[in-house]
Every structure is written in C-alpha cells, then in structure tokens.
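Written out below as structure tokens is the structure these notes cover.
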Amino acid sequence: MRLTSPSGPSGTIRVRFFARYAELVGRSEAAVAVPLPATVGDVVRRVRDQLPGARDIPERPLAAVNLRHVKLDASVRDGDEVALLPPIAGG
Amino acid sequence: MRLTSPSGPSGTIRVRFFARYAELVGRSEAAVAVPLPATVGDVVRRVRDQLPGARDIPERPLAAVNLRHVKLDASVRDGDEVALLPPIAGG
Amino acid sequence: MSHLTREPLALDALLAEVSSPECGGTCAFLGTVRDGPEEHGVTAIEYSAYEEMVEGELGRIVAEVGERWSGARVALRHRLGVIRTGEASVAIVAAAPHRAQAFEACRYVIEEVKRRVPVWKKELRADGTEVWVDPSGRPTTRPAHV
Amino acid sequence: MSHLTREPLALDALLAEVSSPECGGTCAFLGTVRDGPEEHGVTAIEYSAYEEMVEGELGRIVAEVGERWSGARVALRHRLGVIRTGEASVAIVAAAPHRAQAFEACRYVIEEVKRRVPVWKKELRADGTEVWVDPSGRPTTRPAHV
C-alpha cells in the first residue's frame, strides 16, 4: 500500500541514517514529505522509493521515532524524527 | 567410642585452631597423641576431651587434613596436620 | 552526565560513582575489542552511535535496574571512535547490598546494551578491509543440508 | 604469587594479569565491608585465615575455572587484617573470549571462595563489641512457631 492521497494533510519527517545505511544513501539525514496519517512503514517505503541507494536498506529495518524504538506500524506526525537503524552491535 | 587401645601404635597429630576456636582454646595449635588407626573424628573427640575450653567446639566441626577439606571419617596418620575450621566467612 | 566518551575507559571513576557503605557487592563488566580465532585480523573497531538516543536508552536501562534490584546502583560508559584491539569499548559497574543483585544487575545492563542501544561497529582489519558487524547474521555458516 | 595481601586491593593490577587479545569480555567482582541495615554499626571487619590452605584452595578454584570455561583467565586477591567499612576484602577478575563465560567464571570463583576458602571475619562495631560472623547461622530470626 502506498499513501498517495493528494487531498489530505501532509507532514515532513526528518529521517536519519546511521552506520551502513548512511553509507548506502551517502547522507546522514533527509527531509521526507508523507501524506498523513502515516506510519513508520510508510516513511520507510518513501525513503526506499525516492532516495538513491536506499533500495539496499531492508524493507523492515529497525526504527526509532523521536529517540525511542518503535514498530513499523507506529504512526508518525509532522516534525517527527524517524531513524533507520542497522542491526545493533554495541557493547 | 573412644580409642583407648593401649597396645597398638600411636601417632602425633598437629591440630590447628582458627578464629573463634582459637579464642576458645586460647591457642592456635596443639600436638595430640592418638592410637592408630584413627579418624579426624577421633582427633576431634580427643581435643574436646582433653583441651581446656575445647568443649565449646562443636562435636562435628569443619575440618581439614594437610590443607584439604575432609569429612570426619577421613583417616589420619602420624605427623598429619588437622585443622578445625569455624564456619567459613570469607569474601 | 553523558554516558558516551571518546577517551579510554577507566573503571576507577565508575567505581567511585556507585560506591556506598550499604553496598557489599560490586560487579563490573568490561567489553574489549577482541582479535580471536573468530575474528580475521581485527586491528581496531570504529564505533559510531545515534548519540541522542543512546543517552535516552542508557538512562532508561539504569532506571530499570533501580526498579528491579532495590538498592542497586549502576554507572556505565560507552566509548566511541576508533578503539584498538585490547582496549575497552564499554564499562559497566553495578553495586548492590548483596552480590547476587550486583551480578544480575551488571549482566542485565550489558545484555540490554547489546539489544537496545543504537551503537554500531565497523571492524578494521589488518588486510585493509572494513566490515560492518552484524551480530544478527553471525555465524554465517550454513547448515550442512542446505 | 600469593593470593593474600594486607594492603588495599586494586583492580588495575588484576585486570592487567588476565588481559589478552583473545578475551572480549571481562567480569570483575569486589566484595566490600558493608554497614547496611542488617549490620549493626560495623566500623570494620578483621579478616583472618588459614593462610597455607587458602593458597591451596584458591589455586584449585583457579584451575577449575580453566577446566570449566575454555580460554577463561582468572586473577584474584583476598585481603586480610582490619578492613574498614567501604573498603574491599576480595577482588576477582575473570576474562574470557565471550561475556557469558566471564560472568559465569567470576561468579563461580566468589561462590567457591565463600564456600571453601578458610577465611574468617570478626565484626568490629561502633559500640565496642566484636562478633565472629557465622554465615550459616544468619539470619538468626527463628520461625514464628518455635
């Protein structure tokens, strides 16, 4: 499913990339416009469709909204920060 | 049972006391003669019978022979070092 | 205070943070960059992080320890940047009234760090290659029947 | 080298003893003299030992760790004499290829020390009394039906 409703409100999401994902897209962040309401999964689809190099990011990556882990069905609001997180390897 | 056989061989055991037991008997070691064969339990009985203050040592204390933990039915030989150990409280 | 640093880690400062006369047991964990038989000539690891989120997650983990183990106190640091083989990347100290709590709290923190805290590592190998570490994909050996 | 000392304990020296490029996880334990709610104004503890036997038991415990956890390395010290509240009486460091082994080995050592190593402590209390500690007899509260 792609959200393409042209008439509803839209939001701007700050998307952040880290580690291997940042290397893939050649940048550490992007502003992505999505029709609202939208989920993190919708933002991921937008990113993979629109950003050069982003096709190699998994369809279902780890994600965070506003510094907290979320599932891909979590909703996003205008101004949110969505981070796409490669497999965690700290410690 | 008390080993009192007068005719058999006898051995001299170096008995060591630690911590509260050393306080009870007022000394850190004693030489104890026992008829052989004998067990650690026999040595403990001798000590409790013969040494002033030793009645307050339990009948079945922790014990070691030659620096290793043993049960009271372990045998002792002439020249062995038997240690009577209060409840261990290290660390 | 930040849980992240680019300087070498030292346990002494962390021990001082948690010490208390009511704590009889202190358990510490140091994670160090390894070059063992499973690695392939790793000379260093470059650590990077989603720094703002790291602080949030670590703060939540520390709070969880206080809820799960009454009287436990935790301090920790994660180092970022290039860390050479043998040097520590993470240091955790947990003090508690009794030792079982200290061990459990310390173990909990490192397991949660590994699971939740957005830090990544890139192995720098002696042959010049660089490899992103993916714990979820390791080991890569396939079953014999595939 | 002796495992016993009358000087304050420091983890640094023990960490240096066990560190190895093949060990990615290091777990340390410090047991400190406590003055908590279960104690009664303990100002210090006087530790004594059957010193020759302590060395033997600790050597055996270290050897057991090597048999149970392949690649694990252990260093430890037990302090004797009067140790004041807040100071460490025992320090254990276990390094291993992976963290689970390090935690398990460190925990094993302290549990075995508490169980097998002939060391005794006498609490020195603020009111001037001195009490031999008997872990087997603590807590001393009797069941309600007695």
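Chains: A, B, C and D, in written order; residue numbering restarts at 1 for each.
In this text, a contact is a pair of C-beta atoms (placed from the backbone, for glycine too) under 8 Å apart; a residue touches a chain by one contact, two chains touch by 3 or more.
Model, not experiment: these values are computed from the prediction.
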{"item": "Contact-graph separation of subunit B and subunit C, given in steps at minimum", "value": "2"}
{"item": "Furthest chain, CA centroid comparison against subunit D", "value": "A"}
{"item": "Centroid distance [mean C-alpha coordinates] between subunit D and subunit B, Å", "value": "27"}
{"item": "Euclidean distance of C-alpha centroids - subunit A vs subunit B, Å", "value": "76"}
{"item": "Rounded Å distance, subunit C centre to subunit D centre (Cα mean)", "value": "24"}
{"item": "Centre-to-centre distance between subunit D and subunit A (centres being mean Cα positions), rounded to whole Å", "value": "51"}
{"item": "Numbers and ranges of subunit C residues touching at least 2 other chains", "value": "31, 110"}
{"item": "Junction residues of subunit A, two or more chains touched", "value": "none"}
{"item": "Chain-to-chain touches, reported pairwise for every pair that qualifies", "value": "A-C, B-D, C-D"}
{"item": "Contact footprint of subunit C on subunit A as seen in their complex", "value": "16, 18-20, 64, 67-69, 83, 85-91"}
{"item": "Parts of subunit C lying in touch with subunit D, wherever the complex brings them together", "value": "11-12, 15, 19, 21-37, 85-86, 97, 99, 102-103, 106-107, 110"}
{"item": "Complex contacts: residues of subunit D adjacent to subunit B", "value": "31, 47-50, 52-53, 56, 78, 89-90, 110, 113-122, 132-137"}
